[in-house]
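Here chain A shows up in two complexes: once beside chain B, once beside chain C.
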Partner chain A sequence: MLPQLGHWLVLLALGACLLNIGATMAAYLPRVRSRKGKWGHDAWLEVAHNSVFVVWAFVLGASVLLITAFLTDNFALNYVAQNSSRAQALPFKISGMWSGQSGSLLLWTFVLASFALVMSRGGRKSGQILTPAAVSVVSATTLFFGGLVAFVANPFMLNAQIPQDGLGMNPLLQNYWMQIHPPTLYIGYVGCTVPFAFAVSALLHRKFDHEWVAVIRRWVLFTWVILTLGIVMGGVWAYETLGWGGYWAWDPVENASLMPWLSATAFLHSIMLQARRGLLKNWNIALVTLTFLLSIFGTFLTRSGVVQSVHSFAESSIGGYFLSFLGVIFVFSLALIFWRRDELHSEATVESGLSREGAFMLNNWLLLGSTVAVLWGTVYPTLSEAIGGQRVVVGQDYFNNVMAPLGLMLLALTGAAPLLAWRRATPQSVWKALKFPLLWALAFAPLLWFLADYRTGAATSFVISLFVFLAIGNEFYRGIKTLRAKRGDGLFDATANLVTFNPARYGGYIVHLGVATMFIGITGSSLFNIELEPVTLKKGETLKIGEYTLKYDGLARPKELEPHLRDQVVAPIHVFDQFNKQLTVAPLDPRIDFFRSVNDQPNTPPDENTQQARRPSIRMTPANDLYLVMDGFDTKDNSATIKAYLNPMVFWIWLSQIFFVLGTVIAMIPAKRGRLDGGTGAAAKKTEERAAKTGEKKVEFVA
Partner chain B sequence: MQKKFLAASVLLVASLGYLVSSSLTASTMKAVPVKELRAADAKPNSFVGQKLRAVGFVGSAKPKNTLENTEKGAVKTVHFEVVEGDAKLLVSYANTLPDTFRAGGPVQVDGTYTEAGKIRADHVLTKCPSKYEEGEAAKKKEGYDSKKTQSAKNSGTNATNANAMGANAQGQSRS
Partner chain C sequence: METLFPVLIGVAALFYILMPLLGDSSPFASRAKDEQLVSRAQIELDADLGKIDESERENLEAQLPPEAPRETVSVESLIRGARAAKRVDIELESEVLIARARRRHLN
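Take a look at the complex of A and B:
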């Protein structure tokens, strides 16, 4: 009966959320606001602050109870019986918690509550005025998600009859990425709430100064990098285990995670205009709101079944709640922005399109355009069905065609924009800044064109990527050189000083290098991939793909089976290069897993109803991935049918994540000298004037 | 300056609009349930010759493999049925069927509707495992009836229990 307690804990958490919101509101009542002592402003804020911890503790308790129910095979709980079984391995019992609708909503609620806790503590430490209201916005969101858990999708629902064993998690999900990917993506998704909460708080307090900029920027950076990792992890998971040879398919679920990422990326750039020049305040508020709306909309898409492929899934009660919530936030934030419209004027104007400001605005346009294009392609089938009666589906070509030019323009900005001067650049100064990387990139263009098999699109992408490397590399080189000359630093010290001196700027540059790296990988793997038709091989027979020769070694079985498997059949394959040199020590092992189901007796051979999964085997090198899938096998003649792919440069996509993480972590470090500039633009002006007077290279605190 | 920005914005929006609409017309196709597809065969608005997505459930007949002669030489091709009610569609597909391909499971087939009742598939899609319960429940309800009876026969009472529980669970998650 312990698990039932979980339901009560969630209800109590909802109560504590209400307390938090109520106490915060009370603290800001005109009569209370100036009052001191008992029942004064501070006392109410204290209540609000403590209630956040209570919410967190209750939701944590509920989550622990649910996981405990999984660990103890408590099939009295319907949710546990649906997503776990006695034979399920321990890690999958734990991740069973988020493998279904209601449990994953509980995890969502927990992440929200944890964010509120971190915000509240952090805000109290640094005495931020914005924090209490922001926390209560997160509490309101927690109220919604917790409400879903309590009243709509209750993971603590009991079975009428307690079954002997559970149905088990979908075997295709039983992979270690199940432990990492969903929680990471959730943290990224849920994280979108926090910047929105601070935006609402700023609107309520009429406070858009440097405190706001600093706190919101750090939260968006955190959310953004986690979301990046979550998205890429999803790609790795699909690539490593699903066996269709790719990592991205413009599936609605993938698009749902990409859209808030795109708008958050736009925000990370436009917030710099506010930090430095006090520009685009209303735009920044709008972008943060949009990012939050998109994260909720994405959740709606993935959970309601509205966009999911086959029409028969389109029945779910939860979608309506998400749509209503979406509508409420939309109207609420629109009204709030309208109410405060007078406070949101820019403190300066953009003087010239040819400037850093201009480049940032173009960047924002392109990112927002991409968001709109992805959104349109994602909802088009649903809209066409609603309006015209006939469902019209959108192929992957649409997304590739639209995103390729937008992406290449963004990539070019990644290299060029950091070189442009603020305020007003002249054609001469632009040429001076771009000369070196541009000319060298163009000098290599013919070679890259040749290497890209005379394909213009691919060559363009490679040339622009090279340009980015040269441009950003040159910035580092110049900065390090200056520091060495001035301070006599060694190479290592100079690099460290350069980066810590202006972490926002150089962290951003490192991320830009990651973007170029990723583009190289995406271009190579999507334009030069080879996919062979399935070929049936007998023992000893070979197959050629690209520069590789594959030799099939006859079917094999592992000596010991993992407990969740009935059987596993492996097709060992050795790889040889064009000089017939053997490249593999242990053979590649594309295999088919046959899963046990709940009622299997041990040692029953698989039959046609056995759930199976083809597990690809990948040999990764920086140049290309050899990707092998066993399509089928025949034990009579010991043959296997092999499907082979050659995917060039996928390595670079995964590699780029190191740049993303490293760069973002650096960008979050507070600057050694000076701090994030306020929204007044006055300080920036002063810095620039001083720089102009003394003639030294100006120091930018932001990018 | 304001005017210039306005002009640039208009230009950007217009080119994006053009890019989106031109790409959209080039890469959309109708999604047609098998029943509707077959019903239109005899009518003037037949889908024969069109690229489309056929939507239905995997038929109970076991998929057959053949070697088809194409320009690329002999290519292993798999043939299976997609059904919806009484309507049937024969699919030929020169590729690997997805792991989640199951008799009775929901399926969508993208390809060319070559002649009445036949489609040559470019892609076969079954459900991705990352969908949440409702989808699963629908799948079990719609498609796994045949499997249910079979496995119940095979392994006796235990299976019936588990399945009864499954059905029970669906009832609850829907209520």
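Take a look at the complex of A and C:
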């Protein structure tokens, strides 16, 4: 009964989506548009609003039913039998919902429906004109994803024969990151739909004013930070779990998540030009559309099986549907932009390349160039196979060689652009602004070159990162100094006022600090990492890597195993520094996990057919990560084969996320209104005294 | 039975969705909302930091919504003003009354 109800709820949700689209269209019919009261414009919008809640409630119901099926081991459902088992731990039974194709599509549909609900409620409360049509676009997308769940990849499909136990979730997915990484990334991906929906609504309404800019910027910021966290979480998961010593491999599916992130980053900068000067209206619409298209393209890559990746779902016919949807969106968006081309002219022009506008334009071209480079490297193997019949593999070298210079130029811009004046700057004013951070960064260049082991590439990255820190630090210093002089604020008040008067700018600056921190981590970990060949150690033998000495303590097995494990073999390793001081209280424990399967015989040791995974053990410090992996073991002589890595500065990559989140949250806060000289300190009193002497009346403005 | 329950839920949902068409009043009121992106404080700070020149400052300030200047007056001065006005009124009124009485007396 319950499974069928789940499928019914999805079908009912599709009906409610259609009602939402229909009611919104009805509200804007010429005859209805001006009608008040019964069957009038507002009544139809209210119908559309109600249907959004119904869609959300039905998809929520279906999701709850699917999770309940996992929790109750209802193997009558084929999807549950494929992705869960009786021995599976509770958290993995819950995350089982999104561990396969159809369940993850249902989660996607639920996130879309939730966004539509938030949009509709928010828009209704604040009376945004753009919201109803935007919600309809999200509903149309929900219709597509919900349609896939209902008719193509139905998670409520029943087994002909109910098995005693399920096959269990893929062992590699049985990790705590599985609880949080996929949902976070889905929220980020799905979030790309909302700005696109508002862009379509703006095109339909011919409304590209401040309301559009404000609402779309807020949504893109939210999507951007969630996507950032989702991507980084994927990196942490790969680093902690997969045991190859790295966090980013330019895997096609990793690239698929990076591409919308790059275009969304470009948009966050170019939208400021529209907000400030009315520039780049058509460009902004195009960027938002591109971000949405790339998010759907990424989904197509992951779910169609056209690329070879550790992330891919099994090859299926679902790719064709995504490709068709992608085509429809592309043609629809292009037609809409062409239709409204006359409304999309900029209100001004970029007067000088040497200006804030010029820097933003350069930033956009670099980010777009990076997107194209990543896209080309990602699709080339598939294209070469389709055209020439032979799959040409694009290695990591291509991505590193192309992205490193582009990345360094972007990094330099994160420091230089905030120093430039709007509209036009003179070489003198640019030099005045750049002088302090540039000269100090160059003064430290020889030292950084020496610390970077005379490697020019690494030293360049460190010098530019230092320049960014100095430039942004100086911007904060100058702002605080001005506020203290003008308002008489104390240091804390001046800092708080500086940020709250212009949270978009100073939040952005904090994110820029995060970018520089991340570059330090990426440079250190990719250029200075040490990777030893696997070494077989017997009990008591040692191994040296960098400043560390590793002492192997013989094989061990835990007393109690997690339910999904059949066996676990641990190689305890003590770590000593160059002065022979033991650094770890408990030894590091690289291990090999042997997973249970449905065909296991009780009390039999694992054999060569048992699925296994090498789990690394990491000792993390700000300077470097000691990363140990057990490649193999021999119980006869109690030996273990250990592969050791020393990855410098990875810590800084994870640390940068604090800047990203903090900066984005600040950037989303509405700016404080009022005048600068509204302080209560000594300077404000002086202003009052001066006004009293000159007979000038103090005037307050209602802002 | 398996289809009856979804049908019932569907009918209830449809009724809920279409309810606004059956009544007269509707709380949905879409209206234009002007959201300013650049504040006066930001413009002043940018001018002080040399991020915009004078012409750009004027250009941006022109985009700000018109603001009604409001003199800051204390409650005491308001009361004083009201009392003074009242005094003037009484004085005028008494003058008128005196003038009328005189005219009556002369007549």
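Details
The working rule: the second predicted complex is superposed on the first by the 661 of 703 C-alpha atoms of A that agree within 3 Å, B and C clash if a C-alpha of one lies under 4 Å from a C-alpha of the other, contacts with A are read in each partner's own complex, and residues count from 1 in each chain.
Simple rule for what comes next: a contact is a pair of C-beta atoms (placed from the backbone, for glycine too) under 8 Å apart; a residue touches a chain by one contact, two chains touch by 3 or more.
All values derive from a computational prediction rather than experimental measurement.
Overlay on chain A: chain B and chain C fit together in the combined arrangement. Contact with chain B, but none with chain C, is seen for A:N159 once the two complexes are overlaid on the shared chain. After overlaying the two complexes on the shared chain, residue contacts for A:A373 are found with chain B alone; chain C is out of touch.
In the superposed pair of complexes, A:R31 makes contact with neither chain B nor chain C.
By the touch criterion defined above, A:L483 reaches chain C but does not reach chain B.
By the touch criterion stated above, A:K559 is placed in contact with neither chain B nor chain C.
In the composite built from the two structures, the nearest CA pair linking chain B and chain C is 19 Å apart.
Within the complex formed with chain A, the residues of chain C that make contact are 2-3, 5-6, 9-10, 13-14, 16-42, 44-46, 48-53, 56, 60, 67-72.
By the touch rule above, chain B contacts chain A in their complex via residues 1, 4-5, 8-9, 12, 16, 19-20, 23-24, 26-33, 53, 55, 62, 72, 75-76, 94-96, 98-100, 106-108, 110, 125, 127-136, 138, 142, 147, 150-151, 155, 158-159, 161-162, 164-166, 168-169, 172-174. Within the complex formed with chain C, the residues of chain A that make contact are 1, 4-5, 8-9, 11-12, 15-16, 19, 23, 37-40, 42-47, 49-51, 54, 57-58, 123-124, 126-129, 131-132, 209-211, 213-215, 275-276, 356, 421-424, 429, 432-433, 478-479, 482-483, 486, 498, 501-502, 505, 671-677, 697-703.
Taken together, the chain A residues at the contact with chain B in this complex read 78, 81-82, 100-102, 104, 153, 157, 159-161, 163-165, 167, 170, 172-173, 242-244, 251, 253, 302-303, 305, 308-313, 315-318, 349-353, 361, 365, 369, 372-373, 376-377, 380-381, 390-398, 401-402, 405-406, 533-536, 597-601, 608-609, 612-614, 629, 631, 641, 643.
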